[in-house]
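What follows is a structure written as structure tokens; I'll ask about it next.
Read from first to last, the chains carry the letters A, B, C and D; within each, the first residue is number 1.
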Amino acid sequence: MIRAAAAAVALCALAAAPLWIPGGYYLNILSQILIYAIFALGLNLLVGYAGLVSLGHAGLFGVACYAVAWLVAAGAGQLVAALGALAVLLATTAAFAVLSLRSAGIGFLMITLAIGQILWGMAYRWIDLTGGDNGINLAARPQPFGISLAFATPFYYFTLIVFLVALASVAVFIASPLGASLKGTRDQPRRMSALGYNVWLIRFLAFLFSGLWSGVAGLLFCYYNQFVSPNVLSLGSSAEALLMVISGGSGTLLGPIAGAALVVVMKNVASAYIERWNFLLGAIFVAIVLFMPEGLVPGSARLGRRLWLRLRGVPAAGGAR
Amino acid sequence: MSALAIKDLGKSFGGLRVTAGVTLALEAGERRLIIGPNGAGKTTLFNLITGELKPDDGAIALFGRDITALPTRARPHLGLARTYQIITLFAQETLLHNVTLSLLGLSPLRWSPFRRLDRQAVLIERARAALASVGLEALAGRPLAQTSYGERRRVEIAMALVQQPKVLLLDEPFAGLSVDERKDVRRLLASIPRDVTMLMIEHDMDVALELADRITLMHFGQIVVEGSRAEVVAHPRTREVYFGS
Amino acid sequence: MARKFGRRSFLAGTAAAAMPWAPAVAGAQGVRLGLLTVKTGPLAQGGLQMEQGLSVFLKQKGSMLAGRPVELIVADTGGNPAGAKTKAQELVERDKVDFIVGPLAAFELLAISAYIEQAQVPLLSLAAADDMTQRKPNSYFVRASATSSQCDHPLGDYAAKEMNLKRVATISEDFAFGYEQAGGFQRVFEGEGGRIVKKLWPPLNTADFTPFLAQIADVDGVWNGFAGANPIKFNQQYAGLGLKAKYPVLGGWTAYDDALLKSFGDDAMGAISAAWYSSDLDTASNRRFVADMVKQYGNVPGGYAAGTFINGMCIEAALEKTGGKTDDRATLIAALRGVSLTDTPRGTFHFDRFGNVVGNVFIRRLERKDGRLVNTIVKTYPNVSQFWTFDEKKYLAQPVYSRDYPPLRS
Amino acid sequence: MNQWLLLGVNSITLGGLLFLLSAGFSLIFGLMRIPNLTHGSFFMLGAYIGVSFLGLGLGFWAAALLAAAAMAVIGGGIERLLLRRLAGQELAQVLVTLGLSFMIADLCLMIWGGDPISLDTPAGLSGAVPIASIVFPAYRLAIVVIAVVIAVALWLMLERTRLGAMIRAGVDDAPMARVVGIRVSRLFTLIFCLGAGIAGFAGVMGGPILSVYPGLDADMLPLALIIVILGGTGSLLGALLGSIVVGFLYNFGQVLFPEIAYIILFLPMLLILLFRPQGLFGRHAP
């Protein structure tokens, strides 16, 4: 009940954001949070639910970014460009997955890092295609059903719809038999094989799903900035997305969203007031590990429960087990 | 036709031969006990049968079908199930979820990304029934991490049984259990339908012998003696293996 | 602290922090100046100097330009394109600035170019991307520093005519700023009879340049276009391999920027460089600027600080023309592009029709004087246009300088 | 001809410097299974601390050793206060080591400013040494000597001392080492001190070649990762051979394959991960 009510309130607040957030600037920040939240939701499918830590996901985010910008620049219509970009993205993701799923654990992390760096290097050097560090400009945002997304409010709603679809799809997936299978492969991969599951294929499908949302976020990012350069594929970008997932709470539905909000707000809003915001962001990550190692969302829930019990006079220890 | 037929199976780790020329045939419905000192290669044999290890040479057949090259994941679908000596379950999940996962492993439903697992009534009822059959129905909703060792052993067995295997491999099902728990598990194993072929590793001869039709003694990765209880006990090689004389 | 002009006053900051969405209230008739710079990460070196230069300028003016008080709002882009875009939006939409100074890097500038055109806010950037004032111009853009290739055209001329070099190898980071600088040098140098025999392109994050330096042989000189922290590394390694004794070295403005002089050892001595600013220049405003920079920050200024200082002068001159008014953006940008100044730290300059500077380029030699390193001006090329002496139309008809253009002659 | 000789010599000297960078990373990774993403920051912070010691008028070697000591203390503190609690929690380790690297990078910017700082080559090593038909900086050759000395010292410690035996036992099987009474937790702190100390020392040693600048951390960390992947994890010999292989790949790769300069190290790293996950010289996959 409480959950449903909270979800309804959050949904209303998001839907009414243009009313209570004055000014396009902060609405744009909110759009950015949603874009990164989609990215983090996608990455979390691997990191949190498959137990596969990727340090190369910015590569997928970036490939979609470049593909749509390139296709539009080459004269394709927006819809064709978006679909084409998704096709390119899925092909890249499939190759990425086939290579990296040869390993798990640290090996997986290192392979994804290497592939990510190779994609980044290609963005710099394959100048004919990518424009090198000058990047590619996207002439205009798309106009779905004739609605212009040029301004902050319509773009925000467009992003919000995509975000809600992403969130719903991830929620459905996690509750599905396939989602349960994925979590099983995270906890006991060998046992899962012995139970009749195709661990590799389950991971592969999760990778595709993860790549899909990472790439959709890349598309939105390209529409938002109307510009793409190698920076989006850098190791720093991959690390940033991973930090969002872990700091918010990996393997939880809402964690990545909280992590995305934390990083975007620190980078773009707090940095206007705090000169050493980068230090502060690092310190927040360290503090999260110290005080809520499971991440912001599950950690706050745990602290909140303890506080609630204490307020009601129940000894804290008694509430736990 | 044998339910499970193993022919000349060999496996080495580096220079160490852990299984050598093992040949074994189980008739349908047979209950076979494997005994042998630690390091005799019993669990390795199980891992070879399930495919978790790849044999260097030899062949494994299930009901006449050669499964030597078949991946591990395909074997449960042919009716092969096993339990583990070292418990490898899903510690954060409930008992019911553990058994449901086992059941789901054989169901095409496992590929569905859309349906809700917690609404698959048929599946869940079967899992619940399996838990009831091992006497754990009351604990169905409890996370596995909060159960006792004996309860987990029974979950292991429930997970194997729920797959309705034709051939069941049991790796030390009585290990680490109390006297009372042993009785429970013994009753449980005795109640398994007679048409299920069973291969069991066990050190506790007293309980195991009651369940077994025939006994195979392994030593240094090889089969030393095979026969009825009396034959094996009486065999001089058995003494040699266990008493070193 | 000398930084007090660098940011909003503490009070304003906290008030805004309490109500972050409240657009900061402009002072009575305040002119609002936004600085897009980089204060975190690897690019912070130039970014911090940009802030220092503009702060020194505003302090000299008592924070009053054309009779109006000036409020400076500093935004840290973090040195990436998306950050630049968001911070540009912050300055335009939340802080309602009248001018933006910055950003630093070309990829930041390119990321916000379309937005600036649409928002109609005059932008004064140091980023050098040639095409921003050539093939893809922006009508709200003004560049008082130089295009990437602008200083290297005269350097090519100087290398061929005055140094009599015949065969030169070029080495620069493998990205657009490197290509455009090297292209400019090559075109003029080869036009005057010289020949580029090898072009080397180490990737941006190269730790050791030795594999590239090992390929240099049989030349009269080596031109480099490094930027950021790489010039220090390059000159250390170049000298360490004994190449400095064999082949004289030339460089663009970022390679031997005056702000780097305190970081160089003797390794860089004798280097010939071309720059649009030199702290050695003897003009009244430059003497004062250098003195103030040394006094307030202990730094001899280089191009980054001088660039924003000069941008401040341009803004002041434009405001004086419009009578302090900033509302009519078309008039404002026209006034800004019409600015023509004589006494500036870089001497006389004006803007061309694309908003790019036409002004001095100094050829300097790095020497030790009174125990410290200085770039001594050995020749001044006055009124250098971004098109050098080429015909503008023909110039624009050719592609922008790139890795393979002009091609290496075989 | 000269070019190839120069590249060959430089491959070995660069390998020496890279060994100093990666030895600590490899030890920490091998024993504690922690992918220490702060390692590049240790290298950079060590170099900056060395700069400050040099500024106090200390000699080059004294500054390098003191920087190493300071980094050992800092590294030990990080292990005691933070990583200690996170055994086996890979995600939390990634979060905390990356968080620390953000903090260290910004701290260096605050304290030492953004300008690059060059370290003077120590007196006596500033000249060049003729090798056949080329001349080569004496300092770079000295780095090889130092790398060899440190490699031998580490090897002796690992193979010939009781401490080394305990470390080896810990690398092979930490739970078993605990059972036989080795205080693994103290061992971890010690290894972290050692790893951070060597990284800090390497930062100062690299100063006269690389200089010190913001972003040095991010330039170095991937190199340490590549070396450990190529050489194989947890073995000193692996780190040494991996460093030399990277030295050769880097030097000859940049010249022979300029078109793929950006990925000249990551491509081999990927191939090794795919086809020989235990590394060129390692025994176990990571």
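We take it that contacts are C-beta pairs under 8 Å (C-beta built on N, C-alpha and C of every residue); 3 or more make two chains touch, one makes a residue touch a chain.
Bear in mind that the values here come from a model prediction, so they are computed numbers and not experimental data.
Counting hops only between chains that touch, chain A reaches chain D in a minimum of 1. Among the remaining chains, those touching chain A as well as chain C are D. Two chain pairs are in question, A-B and C-D; the one with more C-beta pairs in contact is C-D.
Centre-to-centre separation of chain A and chain B, using mean CA positions: 42 Å. Chain B and chain C have CA centres that are 74 Å apart. Distance from the chain B centre to the chain D centre is 48 Å, each centre being the mean of its Cα atoms. Spacing of chain C relative to chain D, judged by their CA centroids, is 36 angstrom. Within chain A, the positions touching two or more other chains are listed as 121, 124-125, 276, 278.
In chain C, the residues touching two or more other chains are 40-41, 174, 203. Multi-chain contact residues of chain D (touching two or more other chains) are listed as 105-106, 218, 261-262. Contact between chains, as defined at the top, is found for A-B, A-C, A-D, C-D.
Chain contact summary for the complex, chain A toward chain C: residues 21-26, 28-29, 32, 121, 124-125, 127, 132-135, 137, 221, 225-227, 229, 231-232, 267-269, 271-273, 275-278.
Chain C makes touch with chain D in their complex at residues 40-42, 44-48, 174, 201-203, 205, 207-208, 210-212, 214-215, 217, 228-229, 231-233, 236-237, 240-242, 259-260, 262-265, 267.
Of all the residues in chain C, the ones that touch chain A in their complex are 7, 13-14, 16-17, 20-21, 23, 39-41, 75-76, 78, 80-83, 85-87, 89-90, 93-94, 106-107, 110-111, 113-115, 129, 174-176, 203-204, 402-403.
Residues of chain D touching chain C in their complex: 2-3, 6-7, 10, 14, 105-106, 109, 113-118, 120-121, 128, 135-137, 139-140, 208-211, 213-216, 218-220, 223, 250-255, 258, 261-262. Within the complex formed with chain D, the chain A residues making contact are 47, 53, 99, 102-103, 105-107, 109-111, 113-115, 117-118, 120-122, 124-125, 235-236, 239, 242-243, 246-247, 250, 276, 278-279, 281-286, 288-290, 293.
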